[in-house]
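To keep things simple, chains are lettered A, B, C and D as they appear, and every chain counts its residues starting from 1.
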Amino acid sequence: MSTTRDIAILGAGMHPWGKWGRNFVEYGVVAARAALADAGVPWRDVQFVSGAATIRNGYPGQVAGATFAQALGWQGAQVNTSYAACASGSQALAAARAKILAGECEVALVIGSDTTPKGFLKPQPGDRPDDPDWVRFRIGITNPTYFALYARRRMAMYGDTLADFAAVKVKNAEHGLSNPNARYRKAFKADEVAASPIVADPLRLMDICATSDGAAALIVSSLAYASRIGKANAPRVAAVSTVTPSFASALVEMPDIATDSAIAAPAQSFRAALPRKAYEQAGIGPEDVSVAEVYDLSTALELDWMEDLQLCARGEAAHLLRAGETRIGGRIPVNPSGGLACFGEAVPAQALAQVCELTWQLRGQAGARQVADAKVGITANQGLFGHGSSVIVKR
Amino acid sequence: MNDTVAGCNAQPFLEGWFTLDAERPQLLGNRCVACGTVYFPKLKSGYCRNPDCDGERFEETPLSRSGALWSYSNAAYQPPEPYAQVDKDAFRPFAIAAVELDKEKMIVLGAVVAGVGVEQLKVGMTMELKLGALADGKLTWMWAPAGAQA
Amino acid sequence: MSTTRDIAILGAGMHPWGKWGRNFVEYGVVAARAALADAGVPWRDVQFVSGAATIRNGYPGQVAGATFAQALGWQGAQVNTSYAACASGSQALAAARAKILAGECEVALVIGSDTTPKGFLKPQPGDRPDDPDWVRFRIGITNPTYFALYARRRMAMYGDTLADFAAVKVKNAEHGLSNPNARYRKAFKADEVAASPIVADPLRLMDICATSDGAAALIVSSLAYASRIGKANAPRVAAVSTVTPSFASALVEMPDIATDSAIAAPAQSFRAALPRKAYEQAGIGPEDVSVAEVYDLSTALELDWMEDLQLCARGEAAHLLRAGETRIGGRIPVNPSGGLACFGEAVPAQALAQVCELTWQLRGQAGARQVADAKVGITANQGLFGHGSSVIVKR
Amino acid sequence: MNDTVAGCNAQPFLEGWFTLDAERPQLLGNRCVACGTVYFPKLKSGYCRNPDCDGERFEETPLSRSGALWSYSNAAYQPPEPYAQVDKDAFRPFAIAAVELDKEKMIVLGAVVAGVGVEQLKVGMTMELKLGALADGKLTWMWAPAGAQA
């Protein structure tokens, strides 16, 4: 495909992940100003503000695009706020990409920020039998249950072991050790993971990611604008896939208690469809990928993603892991940032944080966690209710 | 949790989601008259979710009582509300099953009856539907290894 | 500007406005199926579902795009959900337009639907001094207060009278009499408006719009796709403006209790900026407009909009009204649908309902409320927190 | 509503939003040290909202006590909570003013003191700041025609 389908990433900025307990607007402004400074772009040049909503921070969170446009100073930019659970950041990026490719704007700010409550997420009070989220909690099915079901299925189908899952954690903890934006910077040994309490068999506490506060922002532009300011060689977004599932969706997904019935239509994998569309958009194949940032809500899920990304055949992910190929220095490093294991999830910011990491990797600015000669990076994530995304960045 | 339900006056936690036959309970879904797709929980919007079907008529249908264990897990800690809460010390971990129904070609989740832990489960084994009580005494559907005494 | 900036409107569909008390998903599916049927487009051809979120209908409302993609049948379309208060529908349309102009998809469904609670909207419980919405209600400033302040200002500045405001209501009620999608189809006399109780001086109950349930959907496409299915002459979206305010924003707007301070930057009108950007995008001027659908949250606000749309000079709107020029048959009919006066506001659907009306007007399908030889239509609306939009439709 | 406040122990409904000087109360905003823009309510994000200013330092500033009436209205019906509620029959409509502060170049809303209805207001007239009590006795700022006896 021609390069006219690409947009440039001029700047990336984050507010460090943590449990800071402050207003999400503060984090977002820090990330946005960092991205603008990194890009060398004045705020008034930004013609489109594409916000990823947070639904746990009152009305300002639900209008995140406008909230940040105001916080940075109303200057007449067009605005959009997208919500798509864990894929919100990617939807916001997709909106900016379309706006730029449509010739509607040259430079856009894409931003997501969150302040998360402490403890496990739980539903609103009150009896709501029509809400699948209420039903599943009522009978005792929490978020980790779903990750655990996928993990156990891998063990049964492919022979993955608890030691494999622990090895993902050990690898990601090592990757994130020196990442200044990571919340957890602590090395783990496999026996420490094994010794952590079981949350949802077969997953231990150390297999499952926490929730965090954090913010990430990108400045993206047309290639023409990038050239004009002397950044023709900036990394590029080559694809943003935000496809929905195809009926019948084969995998039971949060918050549902059942899958679609495949009586009248074939069962299909949603997760695998996400990168497939991204590869198609970018005209790039899995063999071209140098580095991947995937949504390790659990350690085992990282292995599912590797296969959905076609970085190896179905069932082969643990082999790559065991061979050290997914570590920095291996054939295809996965989560060099440290992943969700080191960050904890800040929902609207997380998909953008993945793209920030790829930007720094492709620029060669990732310091101790640099993947040598990274040329093409891919992200993957999935959220509730048929949301997910995969982004391809190249240079 | 308590799965001794026969003959008691326990109420289901949701009306119309499953039959209360203590021996042979069944989940209650509905089926698109046009394309045969089965929904559980029942589809209430009135419009079939099969993209190639414009069906707007649905009839109630009981689901198969047994299927193959697709995967399983457990709740090692007490889930938050609306799960009925018990005293912290009284909480016993319980297993959770994802069971694939052959006829309906779908996977349905549910707790596993008390007394059956993850160590007694194996992917692929046959599971069947039972009733069991939540901590507040309300009945729900539960999965049990086929042939086990509930 | 070249026609490559346009997209085609192939189908429009609505669920009638009312106070039905059913789930918003049901209304939306009815509207979407009506729009698909009107377009003659099969659901599987839709490659992008652009939903306008509703924030009062639980999680399914916050992921409206995905909710309707699922309700109509997951088929792998890309998805987006936008939220922008009263402008949500236009943001969803803007997202679809950019996606099509970017060459990312050929056909999109744009959809908004709402079930609204009874009575005046009021904020969530609990003390929240950092939330301007809480502060203003705490000291007794409700939504009608803002409309009333604007109305009184018109009276002081331009000599508008209560009779003028009542005349807007009488006109819109007459327009909406035969509209099958309108909630209120009842003729009003000026003295009935005057006799209705004062809500917020100078506005009477009949000057202020209600909240409704309702849904509206559009099928939009590239011009190439429209030609291919024999609809080259379909009405076109020529512009979607979703600009944010420019600091310092001059007008005190819901839910704020003060304007920006204009000490360091000049005070600027947000409402006037919205259509200005639309005209610029479309390469069309106010003199080309045949018909307008504007957000008459109050009768007096319709007059403000006429001036913001440059349909007359500032302060002249009541003259046009008195001369009958804004009635169907006049020089520039305003709200031939009957407007919010006859519909009541269904937030995420309303901006799309405006475009549905223009579509039918431009096709000559508006029946008893047809504006003769309508060629160019414009919409305008404004919501909370720096959101607003203006859409231009032409044939 | 009750505007007899001098000498009583009434508390403000929000702390730090206005001074409690019964004679000459003032709204409390803050001002960007870099560009001079004034914020009311105080800007708390720590980042100036002037798009051409990167200011991150703010100092508290009292607002002008008087300005020109930009527009006005009233609440003919009792507003919903969190407005302090009174018995339906006890509710008295009250006026609301939008006042333009010359020095700050901004418009600030507020209720008008009890006893002054819309018929006594005229766009352009000078209004000044007073204190008044909400139905629960908490103090708020209110606008009054300049020179009127509060």
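The definition used in the following text is that contacts are C-beta pairs under 8 Å (C-beta built on N, C-alpha and C of every residue); 3 or more make two chains touch, one makes a residue touch a chain.
Because the structure is predicted, anything quoted here is derived from the model rather than measured.
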{"item": "B-C or C-D - the one linked by more C-beta pairs in contact", "value": "C-D"}
{"item": "Length of the line joining the C-alpha centres of chain B and chain D, rounded to whole Å", "value": "58"}
{"item": "Length of the line joining the C-alpha centres of chain A and chain C, rounded to whole Å", "value": "34"}
{"item": "Chain C-chain D separation of Cα centroids, rounded to whole Å", "value": "32"}
{"item": "Chain centre separation in whole Å, for chain C relative to chain B (CA means)", "value": "45"}
{"item": "In chain D, residues with contacts to at least two other chains", "value": "44, 49-53"}
{"item": "Where chain A touches two or more other chains, by residue", "value": "23, 70, 73-75, 130, 247, 260"}
{"item": "Chain contact graph, described as a line, ring, star, complete graph or other shape", "value": "other"}
{"item": "Interchain contacts (touch definition) - all pairs", "value": "A-B, A-C, A-D, B-C, C-D"}
{"item": "Of all residues in chain D, those that touch chain A in their complex", "value": "44-54"}
{"item": "Parts of chain B lying in touch with chain A, wherever the complex brings them together", "value": "13-14, 32, 35-41, 44, 49-53, 70-77, 79-83, 94-96, 98, 104-111, 118, 122-124, 134, 140"}
{"item": "In the complex, chain C residues that touch chain D", "value": "120, 122-123, 125, 127, 129-130, 132, 134-142, 144-145, 148-150, 152-153, 156-157, 197-203, 247-248, 252, 257-265, 267"}
{"item": "Residue ranges of chain A touching chain D (in the complex, touch as defined)", "value": "23, 25-26, 29, 33, 43-44, 70-75"}
{"item": "Contact set on chain A toward chain C in their complex", "value": "5, 23, 49, 53, 55, 58-60, 62-63, 65-67, 69-70, 73-85, 91, 94-95, 97-104, 128, 130-131, 133, 241-247, 249, 260, 273, 277, 384-387"}
